[in-house]
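Each of the next two complexes has chain A plus one more chain, namely chain B in the first and chain C in the second.
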Partner chain A sequence: MMNFINLILSGLATGAIYALVAIGFTLLWQTSQTINFAQGEFVMVPAFFVLATLNLGMPLPIALLVGLALSMLVLGVLFKNLLVDPMLRHGVLPLAICTMALSIFLKETVKEVYSAEASPFPSFLPEGNLIFFGANISIQSVSIFVFAICAVLALQAFLARTSTGRQMQATAQNPYVAKLLGVPVERMIMYTFLINAALVALASFLISPVYLAKFSAGETLGLAAFIAAIVGGFNQIRGAIVGGLLLGIVDNLAAAYISTQYRGAVPLFLLIAVILFRPQGLMGRAEERTV
Partner chain B sequence: MSRSVILKTFGVLIVGALIFLPLTLNRYGIYIMSLWAIMTIAAMGLNLTLGYAGQVSLAQGAFVGLGAYTVAIMMSAGFGFWLPLLIAIVITFAVGWLLGYPALRVQHHYLAFVTLAFSTLVFLVFRNEEWLTKGIYGIMGFKRPSAFGVSFQKPIEFYYFTLGALVLASAFMAWLVRSPWGRAFVALRENPVRALSLGVDTRRYTLMAFAIGSAMGGFSGALYAPLVEFVDPTPFTLALSLNLLMMVIVGGSGFFFGPFLGAAIGVLLPEWLRFAHGWYLIIYALFVMILLIKTPTGILGIIENMIAARKTRAASAARAAASAGLDKV
Partner chain C sequence: MKLFAATLLVSATFVAPALAQTNAPIKIINVGELSGPGATVGTNFKNSADLAVAEINAKGGILGRKIEIVHFDTQTNPGVARALVQKAIDENPYAIMGPGYSGSVKVSAPLAAQAGIAQVMGGEAAELTQLGFNTLFRTSFGQQSSMPKIAKYIAENLKAKNVAVIWVNNDFGKGGRDMVTKELTARGVKVTADISTEAGQADFAADVVKAKSGNPDAIFIYLNEEESARALRELKRQGVTVPLVGETTLIGQKVIELAGDAANGARGHIGLTVDAPNDNLKAYGKKFQEKYNYIPDHNGIKGYLGVYMIKAATEKMGKVDQKGLPDALKGLTILAAKEPGILMDLTIDKNGDLDRDSFLAFVENGKQVVKETLPKMSK
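This part shows the complex of A and B:
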């Protein structure tokens, strides 16, 4: 039982991180039809921005801020201006292929420039264990979960309550009508890219202390984010949260109770089942088919 | 020189290079050329599924793996080469057909993710089912084939064998895309609803597009196993599927010669960049990105656009000349 609670807890912690990544993924899809195959690498890169800054002798809080700023610049602004904008009018597929090439590029660059080894990454959240009703509970898991969920709630509030957030939603739902209503569509799309960059940076800072910073860390994370986004529903933020948390728990329980060899397969079966029987996702609305 | 003469000269040069160039290459060079021929076959299959029939598949690498494992397992059991080859094609055809069913329900990015999941699952089976696939240790100890008393043991002999297979596969593709089937596939890509209303059985052709494309992948894998003479799970990760997709798009999806060019870029370019050591993949990825930004329809797409633009210019010049002539009269 004890073990089970801890499995659920650490599942929720990784699941919340998956949710962060998946939300960014769905935001990009909604506003600019970008299927970002480099999303996993986007989570891997900010950790190395921070490590590089730390190596210059900066304290951790400054390094985290620099890492956040750099990832918003590189993974937000540069990604949009250099890659997405010129490709967008040519359809979904060439852009998707381009992000695949980008993922190779990011991975290999980090490997060559920084290191091929896994590097330890400092945590800014409390660590250790807490005895709670006789149960040994990891503080790190709990704090990651709380932190990630707070970030998601803040984003939700921003999108639903502020004028900018509503304009972003309008852009996502129908860019043409939004433009007619005077929404600065281009700027809203740029905001989405910045938010995505901030989300992946946050995910990176949360997950790297647990799984170490490594150039290949993005492979599993990217896949997990896709699955979370699809399982939850591609067009809903709450879908990405449900999908992320569900995936985190399923993944952890499968590793413990089914088979470590096939732990990777269980989320995939979940994915196939959802796509075939409920393609709009658990929480999603059905997209209208265009003929 | 007219265009057809240029094209013919170019074609003769390429064919000549494919036949005679490997004679001057070392063992590794010949291996790379054989790999190019094999990957071209797999990319051709994907080009049928994606380029002609418009169904996104991220599983072609898994079919190459299925073909390679079928041949490796059966050859180790002492079945020669030809029967395993046939079985590999039949198996990948059948599995491809089954993978087509999701495509009847979902499209575009959803389909991409179903096939992506399939490809990852197949990799897990290769790695974990040790009783069948020997897991991470891999299968070795099978020989390259021989036919009609001719052995294909040496690298250069096996290269000509793969080249022959490539010619065979190309002939099949050329026939297929010109047949009514090929037209039905294109109709499926361009407008499935209209195709259906015109009496094209879209259901059957979707499944067929997947099955034939996958069988080409299986054929390519069946050649890959004897080329490397060792089969383990690592080459058949999702990365291979993504690479094949990149080859098709970069070469020009929906163009007959797209996969040839794409495979040349995907297989040969990284090798030419080896001088850059660890940086070669970085340069390769940059190259692919810049290429796609410049020519999103692939290299052949841009060439076609250029030809079309020249024709338009020529036609408008002719019109202008004609109208000028009319003015005089």
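This part shows the complex of A and C:
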């Protein structure tokens, strides 16, 4: 039982990271029909922004803020203006292919500029353990989960309770009608890219102390978050949350009770099952499209 | 007079290239893991090989000829490693160095053996030198030398009865797991959890839970460097307090850097370390740190030794003879007093295995502390 609690808890911590990244997938899809196959690398890059700032002698809190700001500039503003906008007018597929190329570019650039080796990344969360029903619980795991979920709740509140959030939702639902109603659609789309950049930066700051900062660190995360977004429902933020948490738990239980070798296959089985029996995702909404 | 001039010209045409060939640099090709999961291994190996080459060239080279070293990146992929060793052979080098990963060595060694070119590599899997590749040479101990020492320590010093074994499912990890399990069983120690993990694995939460479930008296960890660091961090996160024992890859400098505080308390047998009570090793570590600004791990020492092994064997032959180099390396004993670059007295046997001193070390306050020097097996 103690082992089971530990597995669920560490699964929730990893799943919360997947959820943060998966929300980015759904936000970009809803507002600009962008499927970002470089999302995993977007999680990897902010860690290196922070490490570069730390190397300049800055303290960790400042380095994290600089990392966040640089992420929003590079992975938000520049990504939208230099890649998404010019390519989107050619359709979703060319843009998706461009994001695949971007993923390779980011990995190779980090490898060349920084190093191919893994680097330690400092944690800003408390460490240590606490005993819970006889189980030795990692405070870091609990903190990652709590921090990520708080970020998601804050995002939900922003979208539901602020004027800007509601305008962003209107843009996501129907940009043409939103524009007629006077919503600055372009600005709302830019906000979405900035939010995505902030979410991946947060995911990076939370996971890099555990997985280490490495140019290839985004590969696993990107795939897991993509699966989580589809399993939960690509058009719903709550779907990305459910998908992320579910995937984190399933991944951990599969590794413990089935096999480490097959742990990577279990989420894919889950994905196939969802596509076959509930294509809109567990929490998603069926959408009709004109062909 | 015209005839004399023509004779001179013809002679110069044929003799000049031969003279140039005599003074041409000795070409060594290093095929290593410069990217991918094994980047730590390959980068350390490469940097140290470059350091050794620069030192030797600064002193006039080998038998008056400079060394030229070229590096190929396997991307930690055995298929790429094999292709690159073939490419290296096509360039007709004097010797090949690397790879560092046993799986990559295993698939590339037949090519070097067929070409008759010495391959001085970093792999530690026990079987590598038992497969009959007569041009293959280690730069560190094989598992058949290190695992009995570790099993002895676990059984006699720790007095452990139950042990969990966490290993990486590749040629290196499987060889170590098989060897340590055999040695532990022979000493009456039971393996209560046998946990295989994947190369490049990021999340060790489930594996640590499985290891804890067997209530072990100690955990033996046999993973590559980055995975060792992640496993140590997860073991700390889950509050594991039993002794964590391993080989060089658990307590190397890079692992300590990556794992931070989580490495404290880990211990194991280590074949090569700059923290050893040995002046040559310390001097090498200082030179490396001055050049690259970090402390080298055992993979670095392997790359350094590899170049000096080639130098010593060539000087023993008294000529630069590509085909004669493998035979010159076999049975060679190199004394650090005569060749300080070899760092410790070293004997290479007919299979390409090494015999030399090794160490028992602990990680204390983020530093590797050598507690005991274990003598050469032949002593």
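The rule is short, and it goes like this: the second predicted complex is superposed on the first by the 290 of 291 C-alpha atoms of A that agree within 3 Å, B and C clash if a C-alpha of one lies under 4 Å from a C-alpha of the other, contacts with A are read in each partner's own complex, and residues count from 1 in each chain.
Assume contacts are C-beta pairs under 8 Å (C-beta built on N, C-alpha and C of every residue); 3 or more make two chains touch, one makes a residue touch a chain.
All figures in this text were calculated on a predicted structure; none of them were measured in a lab.
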Simultaneous placement of chain C and chain B on chain A, clash or fit: fit
Chain B versus chain C as contact partner of A:A256, first or second or both or neither: second
Touching partner for A:S216 - first (chain B), second (chain C), both, neither: second
Chain C, chain A and chain B - angle at the middle CA centre, rounded to the nearest 10 degrees: 70
Which of chain B and chain C A:P120 touches, first, second, both or neither: second
First (chain B), second (chain C), both or neither touched by A:S138: second
First (chain B), second (chain C), both or neither touched by A:H90: first
Partner chain(s) touched by A:K111 [first = chain B, second = chain C, both, neither]: both
Chain B versus chain C as contact partner of A:N129, first or second or both or neither: second
Chain B versus chain C as contact partner of A:L7, first or second or both or neither: second
Superposition-derived minimum Cα distance between chain C and chain B (Å): 6
Chain C-contacting residues of chain A that also contact chain B: 111, 261
Contacting residues of chain B [partner chain A, same complex]: 56, 102, 105-106, 108-110, 112-114, 116-118, 120-121, 124, 127-128, 193, 242, 245-246, 249-250, 253, 278-279, 281-282, 284-286, 288-289, 292-293, 296-297
Touch list for chain A against partner chain C, complex: 3, 6-7, 10-11, 14, 111, 115-120, 127, 129, 136, 138, 140-141, 209-212, 214, 216-217, 220, 251-253, 255-256, 260-261, 263
Residues of chain C that touch chain A when the two form their complex: 34-37, 39-40, 43, 169, 195-198, 200-203, 205-207, 209-210, 212-213, 226, 229-230, 233-234, 236-239, 254, 257-260
Interface residues, chain A side, partner chain B - complex: 29, 35, 37, 83, 86-87, 90-94, 96-98, 100-102, 104-105, 108-109, 111-112, 223, 226-227, 230, 234, 261-262, 264-265, 268, 271-272, 275-276, 279, 291
